[in-house]
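Just below is one structure, and these are the notes that go with it.
The first chain written gets the first letter, and so on, giving A, B, C, D, E, F, G and H; residue counts start at 1 in each chain.
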């Protein structure tokens, strides 16, 4: 079955996006990226510290993987727009994972500033993937201003709590005309599988892989889980129902 | 000239490209903002820097 | 990694057991069995209706798959023992999925009769896999009388509700010295993956595959999910934690 | 003779095996209980049935 | 213990707000209002149908109960502002339960339009109680523009699903400098009690009472539950913990 | 409405049972008992330590409260029977809260030994209230041997996790012909209210009150919550449903 | 004159108050919007209506 | 005589009642098991203890 993921006209075979943060080493990150089969990885943009420039992360990333700069660290729409433009001018892709997060404690996004930044960036020619609370009305507004996807969080960033907001994500999936990427809070492959079973088009995972005891094996586990969940979505997951025997009634010896 | 908040001597005929080379950043992705405006990579070699310039030099890092 | 499942000294590569009930046709059942990669399938034992003998299910099952007769339909220990002995005498394996279910409505097993039947069948040389409510104390008693596994239910048979009784199953997994097979109630691959992430040794699935719109594809989805969950178990699933950024703090442009 | 609650004529020298053959059940798994006792498959051919026998003939079916 | 609820400088003894919709009769509504002990009830504003003007709801409401006009039916900030102004001009209180709900299916509020309307209404002298998804960042913005409370929903209006969004509401309670009123989706007294135990300052209930078999008794049940939950909040609810005996260890006969 | 709780022919106005363990002082325990309005309190039986005999707990308990000796600390049926007989011979009531708990870590009861002890104690004239995992089949067997109630746990003793096993308890309530007392694991008044809303006849609480910051206030909170939940049960709790407006559709200004 | 989308004859010297009386709405809360502007209750008696007026007459109803 | 694992001197004509009194336990609920058999409270005063007796003296304590 042809089941490619299409974002802004570009096709992807993998429905698993990876964040590159929190790995012990770039080597481990690279191996996890390869093991995951991902075709899209997020990166952040930061000032160079000349006293400790460190290594160039991009040199560890496979050629054919799309670099998706995020706007992490930005607390307002203006900061996010500035960060995205800097990345693009410097030669990075004109795609952006839009994060506007004023709150350092719970890392929850600002719906109003996110919408404002999204409109400006779309206007300026960016392919915008906004990170949001699973707010179905906000998701529709973001789609209306031209975002390429919506990326509702499953649970707060890095918490690994899984799908705490099932109902809202289900509504977003039902209403969305663009791909829905469940982002943040997925702590285990089963969470990713469930997201896909619910009809999400893709998931983005970082901490659950980077902080696993064996990140490379975990990357493979998420790869399988996403495939399992997507396959199940097409195969038609049963509805919950009353208990029913799986062996014949009567005729017992 | 101010680069990431640090004073830098301006070499004669310094361009964005020569500066990055001097800083050992020609390889990889150096992202440059000059006086609040992003600089197109294509123009790194032509833009001559001035003493009053404030530069931000950034790069991709690991992030989620 | 060598990660075979060993039950009563017999090794299995697959950690997914399949029930054969509720398929529209034996052909579909066979194809699902193959797609699932399972090496153990359950069957029931019933009187032949001479007016409608029907086909022989075993002729549809791959040679190398272990037939596991269940005692479905039995409401007491004596009935279960009788059913198991009949199957064995007739040439079926001396393994038995022990079900003693007095309650036709919720299909919940009888802990006392199950323990009684288990002791008798072990005594008589059977390899016994008892189906139970996730009762950690009962699970230990069954292990003490010599059962080869314990098979706690995730949710009532056929309900597809997934892991309703997480804590109890977690305790059983922690305490068990024999393989723990999560049986019944798993409605989606994500439920199977979560069971394996929790440390279950295997899962048994029937309704969720047999009643899927596309049972064969769903069998493949469960196969992937079990592999994903098992891999994640070994790779070390992260603990839930407070929100933590996956991008660097500070240095923002 | 009673087979699954149905009266069956006893053929001369009838054994479990001949009965199953008569019923078209030689193939596949026919499981037999005679007067409440399970019958070993190995003995199907030797056990001669009697008029007073109560037989249960079962088989594997689809089940979870 | 003096534990009055203060909203915009006005004190209330009751922490249970009632909606007046969906009762079979105004008489039942009135008796439920009395049984609940509420001091704030919401009402809607609609055009009079001269062919079927119906009765005047206010004549059924106790004198000392504060009428809180809502902006139900409004899909934009402008409509909500217009509705609120009409109610105030006509002599109703200058308090408003702000609802901006573009989505007829799931009845979820619009965060951007709600914030815009809230700012305008506060500016114009209204006491604004906005109905929102439990979005902690939005809640803080509404507080910043001068709202008197924030009213996060527990679950979609009328669904009776209870606290589906615990974590988000907990964060709002923790961060809020104004009273937090959990509104919508509470289906049973236990849901109201849990909201109060979490530190919510009040709850608003409509469907769960109006559609109960016995609305008047149910109103009393919610009254008790809110008091129970508030008392427990002050008494210090225990943390979940590992199992611990409640009888002495050792010394057994 | 006359709504007394009848156990073994004895009527009680209160549906809240209290454990007496884990209070800082007997005085606090006594005041909590009074504040709770309970009419049944559990006590344990232990050997006297002559070097530190301590005070007599019964002297702190109101005259009209029924003392319910438990068999805590007993790991087998025989030990439990012995403990119950000792209490009765010494003049305590011939009622017993039957606990047979072999497992010191998770404090889960033994279904087989509990049933055995229950049968023996009923035979010997005791009024038996057995503490069990919410196992509907076991509950029916205990009722069949003549137990006066069944007491399924909500969550492990002292954990305060609330109703982890909703479905099983709901089935027990539906099938039971004797009062169902939800025992253990209730951590907050909302948990007690929910148990009563589900149709439980009573709840037993200890740790959640004894270890609250203010046990006396918490006892009052549980009293209100139990009354709220019971009232709601009779008033008919609404079913969860799809979102539905609580204000009229159309006619908007 | 348009009242809630319905044509109404304008009585001589008609005010908001007299109109409401005529419609049997003097009691309870009648909320009035005139040509898109809310009308203060205090002025119901003084505001004279004109033929071109578009009125919205609303009232509190049950709502959550 | 053994009481809760402790040796106790047997006073002349000692009964359960006198023993409890001696131990300061006449008030409240003292529960007594003698040689594995529970002792009825009504018989505390009549049962004479013997040197070989093993007694368990228990009481109600706080418990859940």
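One rule holds for everything that comes next: a contact is a pair of C-beta atoms (placed from the backbone, for glycine too) under 8 Å apart; a residue touches a chain by one contact, two chains touch by 3 or more.
Bear in mind that the values here come from a model prediction, so they are computed numbers and not experimental data.
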Interchain contact steps from chain C to chain F (minimum; 1 if touching): 1
Centre distance in Å when chain B and chain G are each reduced to the mean of their C-alpha atoms: 69
Between chain F and chain D, distance of the C-alpha-averaged centres to the nearest whole Å: 55
Chain E and chain H: spacing of chain centres that average the CA atoms, whole Å: 62
Junction residues of chain E - those touching two or more other chains: 19, 21-22, 44-47, 49, 70, 72, 82, 86, 106, 156-158, 161, 206-207, 245-248, 251, 253
Numbers and ranges of chain H residues touching at least 2 other chains: 31, 33, 56, 58, 61-64
Set of all touching chain pairs, with the criterion as stated earlier: A-B, A-C, A-D, A-E, B-C, C-D, C-F, E-F, E-G, E-H, F-G, F-H
Touching residues on chain H, where the partner in the complex is chain F: 3-4, 6, 23-25, 27-33, 38-41, 56-64
Parts of chain A lying in touch with chain E, wherever the complex brings them together: 102-103, 106, 108-112, 115, 133, 135-138, 140-141, 155-156, 161, 164-165, 167-168, 171
Touching residues (chain side chain D, partner chain A) in the complex: 31, 33, 56, 58, 61-64
Interface residues, chain C side, partner chain D - complex: 19-23, 26, 29, 42-50, 53-54, 56-59, 67, 69-70, 72, 82, 85-92, 157-158, 184, 204, 206-207
Touching residues on chain C, where the partner in the complex is chain A: 19, 21-22, 44-47, 49, 70, 72-74, 79, 82-83, 86, 104-107, 156-161, 187-191, 193-194, 197, 206-208, 210-215, 217-218, 220-225, 227-229, 231-232, 234-253
